[in-house]
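Got a structure for you, written out below as structure tokens; questions coming shortly.
Letters A, B, C and D mark the chains as written, and numbering starts fresh at 1 in each.
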Amino acid sequence: MNSFGIKFRVSIFGESHGPSVGVVIDGCPAGIHISQEDFIEAISRRRGGTKKGTTPRVEADMPEILSGICNGVATGFPITIMTRNCNTVSSDYETFKDIPRPGHADFVALKKFSGYADMRGGGHFSGRVTYGLVVAGVVAKKIVGEGIKVSTDILSVGGRADIEKAVEEAVEAGDSLGGLVECRVTGVPVGLGEPFFYSVESAISQIVFSVPATKGIEFGSGFAAAGMRGSGHNDPIVDGSGTTLTNNAGGINGGITNGNEIIFRVAIKPASSISMAQKSFNMATQKVESFKVEGRHDACIALRIPVVLESATYIALADLMLLDS
Amino acid sequence: MNSFGIKFRVSIFGESHGPSVGVVIDGCPAGIHISQEDFIEAISRRRGGTKKGTTPRVEADMPEILSGICNGVATGFPITIMTRNCNTVSSDYETFKDIPRPGHADFVALKKFSGYADMRGGGHFSGRVTYGLVVAGVVAKKIVGEGIKVSTDILSVGGRADIEKAVEEAVEAGDSLGGLVECRVTGVPVGLGEPFFYSVESAISQIVFSVPATKGIEFGSGFAAAGMRGSGHNDPIVDGSGTTLTNNAGGINGGITNGNEIIFRVAIKPASSISMAQKSFNMATQKVESFKVEGRHDACIALRIPVVLESATYIALADLMLLDS
Amino acid sequence: MNSFGIKFRVSIFGESHGPSVGVVIDGCPAGIHISQEDFIEAISRRRGGTKKGTTPRVEADMPEILSGICNGVATGFPITIMTRNCNTVSSDYETFKDIPRPGHADFVALKKFSGYADMRGGGHFSGRVTYGLVVAGVVAKKIVGEGIKVSTDILSVGGRADIEKAVEEAVEAGDSLGGLVECRVTGVPVGLGEPFFYSVESAISQIVFSVPATKGIEFGSGFAAAGMRGSGHNDPIVDGSGTTLTNNAGGINGGITNGNEIIFRVAIKPASSISMAQKSFNMATQKVESFKVEGRHDACIALRIPVVLESATYIALADLMLLDS
Amino acid sequence: MNSFGIKFRVSIFGESHGPSVGVVIDGCPAGIHISQEDFIEAISRRRGGTKKGTTPRVEADMPEILSGICNGVATGFPITIMTRNCNTVSSDYETFKDIPRPGHADFVALKKFSGYADMRGGGHFSGRVTYGLVVAGVVAKKIVGEGIKVSTDILSVGGRADIEKAVEEAVEAGDSLGGLVECRVTGVPVGLGEPFFYSVESAISQIVFSVPATKGIEFGSGFAAAGMRGSGHNDPIVDGSGTTLTNNAGGINGGITNGNEIIFRVAIKPASSISMAQKSFNMATQKVESFKVEGRHDACIALRIPVVLESATYIALADLMLLDS
């Protein structure tokens, strides 16, 4: 299913090595100012390529507006934005048609789509497709307004806080690293979230788990809550606006925002593409074989993913806000 | 939003102290055998009351079939099942109208529903509402068939593996405990899950976070993946049916089942209702005040939640299976 | 699919001879006053039984509130309302298991639901199921507010304007009659309707064609427009609030309300149940056979359907209004 | 709302004078052969321009595939197809910013989108946007398979059967004409359609009323049914496969296909754009004024709409078929 949202609906499309990646956004209120420049920073953050551990592949990724924006203003009609794929070297991947790469969607795509899926570069499962999410996130950010701010921190990569050094070592080893990212949302009004199945956590987790490489999500105290007692976990309310002394709730009670900061953490797995030799089952020879994936890889997806998680969060918040209005 | 699912749609209703709790199930294929007895075990597990740490409140909870089942067989029409609420002592709760209880949805409900929400016993935010989920889970289990089996383990409560003892101590202290629950699904076919926004993780996490008290979810290696390297995380495929040597993926690649066991863990917070004295802001006096919640409480929701998580998982799987057919 | 609506979601359930018929309503704003008495008039109009040509079957049909309303006020939680079926004489219908009745859903239900559908009295296809629609319509009417008023007129039955006489003759002949009903909505604000697929006409026609026996719908000039010229069809705008001199548009331009009266007409077929002898194919004997349907029948559904159409219209309007807010 | 469908989801985008029009199609099964040539015939029929009474504007309208198709085969991923708008002379329309044209969406768009809607050429309300529908219809036709065939007949224009002559006269008068179009679907399997709100009639009418200029729809006997008796309306079943002697049902009972031909008729209003002088309210001068719309217009939309109605029908059928599988 390529669509997310009830009132602010985002429909992504594209494959890694197909003609384009992009998004159709339905439900953006008319009158919001959106220009091509608004997208540059987020797209540039998603692209990475300047930090160690992100792929050095240069992607222009300039957004092309196909509908819904006129003279820099949202018209109220569906907004379509895409970018052309280029600089893709497909021969890198074609040798591995018979050997489904471990950790990748090669095997499941082969089975689910009867071999018809265009899996060059990961196809529609590629992180490349998050381009549409990031673009939609820019629009969503405009909708939620300046008072609400989503920010992210990379807490660790490969379990280490000396992040640059950890990445350097992984790159040298031809290996990759997982990472832990924290998201915080400030300025949240009380009352966002729809009980039962569209709680704030339900909405955010649904969209966050759409982001390739996500392995876990926890809100507020998260997994630590499993080891706590209620007397320590309950957040005492200290004023009439609902401010709490502690924030184990992560800003959410009963699936509804309580006005305190929303906090959640996301576990990102190490990129499945590594330069080291690996083993997998060769469907042609029917044997387990050793193989290597040539080409340039992200050593650490977690470095590029913060803007994607921020975008996903803005999208979920925009939908929840429009639903609550 | 009270509905979950695309082809197998579950719409829950009810409040803790209202007339009833229940569910409408749309999209159940005709011909599936369902009798009142099929529900007894799951309802009884949800009810708890026999183990230490679960509420001693006796609830008959017998399911009443209002539509969609005739002579023990699903007709193809919407199935409605409910049970009457009884044995509710509302006076327990009425004294706290002015003092929103920490950890509960009292404050957010007050704001979101302008004071009109019937919050006796937690209202629609109560764990009581999971009755509908559990009932729908029984139907979903029939749809997914006997080959697929969802099971759960309580890994720890309050951070301890000596679970009974931990609960005993908490009960004595008038306190509550969080818990960690693991879900495993065996017999899963390859190919369930719809990219992008209805990945297996997106679907399961959406419904699991609807369950009150859930604070986190992780699939396969989960948060540990953040500290791993790709060479160690990638699961080598060892045969043509996609069996992997390790299962860091938790049975899911690219959001699609790969035929190996689905594994995920859920963090459950300690129940917000405790017998100990707590502090909160009194909206009437405009002061922080100390108060105690009388009545019977679950010391450890995690003890009763496994059947709810299993039900939620069956529901998500039933929808994904029907979508994939 | 038993659900209609995006923000105001109505999920109906029940069968003619099952335990109950009813509805779950999600998305009703908290604070709206709704008491059991509010439903009486609409339910009584739906029931009919006092006019010639409607079934004399006495149905109490008192609404039972199962959730979502507390002390006569909507709580913001899902509202569930049902009524028990009673006074059903199933033996009337059981003799026709092998002979699918012409005009009824017997044959298609047999095929689609592999014979498991409970088709006594028409099952889920019965007009009985419109009970849920009518109940939801009462809630929807409260949401749209007193300024907006939906009314209906039976323009003709059996092609005649002397309606009572036409019905009398049909009853005597053991036959049934179709009818033409006009709906008008006054007090409509400008701007309801979502382009493209949730235009006012799309929303209204989707729900109206759910009503059993509907054969056609036309807005404003309707089918007459096919024979008109643009110079005669275009409605000149005569003031700044959009008032038009004529109303060929039926109050809708581009799928959006223009502030003028919404007008549409609905064609209702003659009831398929008649007392006269009919022919159909006997699945058991594999021959075309003559048969008669005993029991009491509506001679003219069109007499009872106005309140159903009004309810359907209120539901569509409530959803469109909440979406536009 | 720019999306239609549950399992086969079509999301249209674009405006008349914006950069492009197009569609994203989600849920197309992998392996279906689709090449650029497959679209030519339908696009060419939609474009018209060769018959009298259709706009002489030349539009290349060649489809550009942006995603989801690789080497002429559907990959299972979202399919995006668009075409650039060109040859648009916006100055034709800019003079009428203050005067909402009768019959057009100018006034409602002004109000609903606070003046931000790009209404040049009708914007997103333009028939131009049906390009996406027609393209999606080609894909849908492949899904439903060769056994099912949708065809259309223009029964009359301006109320006359001598269609060419009627159009000629209207063109000379600078006026436009409505028309009546009949759709027939042969080869339909028994059992398509989901009770209650996604009956065949509900699904088809929802999408057909999305098509600009549609004023009415009737199935089988349609509005004539209002004047009939049950004894004449009921279609006797004459064999075990459900063949009926007559087809007043239009191939649908209880909202479900019965295996006979689906028949429905659609009323198309005369184009709102005419060359004759008209009157409307000038928002700037606050007076009713006379004005003329320069530019080239369709004298009779009904001539170009058959392929759009066929496409809409194929889309609805594809979704119903995939849901029923």
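Keep in mind that, in the parts below, contacts are C-beta pairs under 8 Å (C-beta built on N, C-alpha and C of every residue); 3 or more make two chains touch, one makes a residue touch a chain.
Because the structure is predicted, anything quoted here is derived from the model rather than measured.
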Count the C-beta pairs in contact for B-D and for A-D, then report the pair with the higher count. A-D
Tell me which chain's centre, taken as the mean of its C-alpha atoms, is farthest from chain D. B
Report the inter-centroid distance (CA atoms only) between chain A and chain D in whole Å. 37
Per the C-alpha centroid definition, the whole-Å distance linking chain B and chain D comes out as 45
Could you tell me the distance, in whole angstrom, between the mean C-alpha positions of chain C and chain D? 26
In chain B, residues with contacts to at least two other chains: 1-3, 6, 12, 77, 109, 112, 124, 195
Which residues, counting only chain C, touch chain D once they are in their complex? 1-4, 6, 12, 100-105, 107-109, 111-112, 124-125, 129, 156-159, 170, 173, 175-180, 190-191, 193-199, 201-203, 205-207, 209-210, 212, 214-240, 242, 244, 248-250, 253-258, 267-274, 276, 278-281, 283, 286, 288, 302, 324
Hey, which residues of chain A end up touching chain C in the complex? 6-7, 77, 195, 323, 325
Of chain B, residues touching chain C in the complex: 1-3, 9, 11-15, 18-22, 24, 26-27, 30-31, 64-68, 70, 73-80, 82, 109, 112-114, 116-118, 123-124
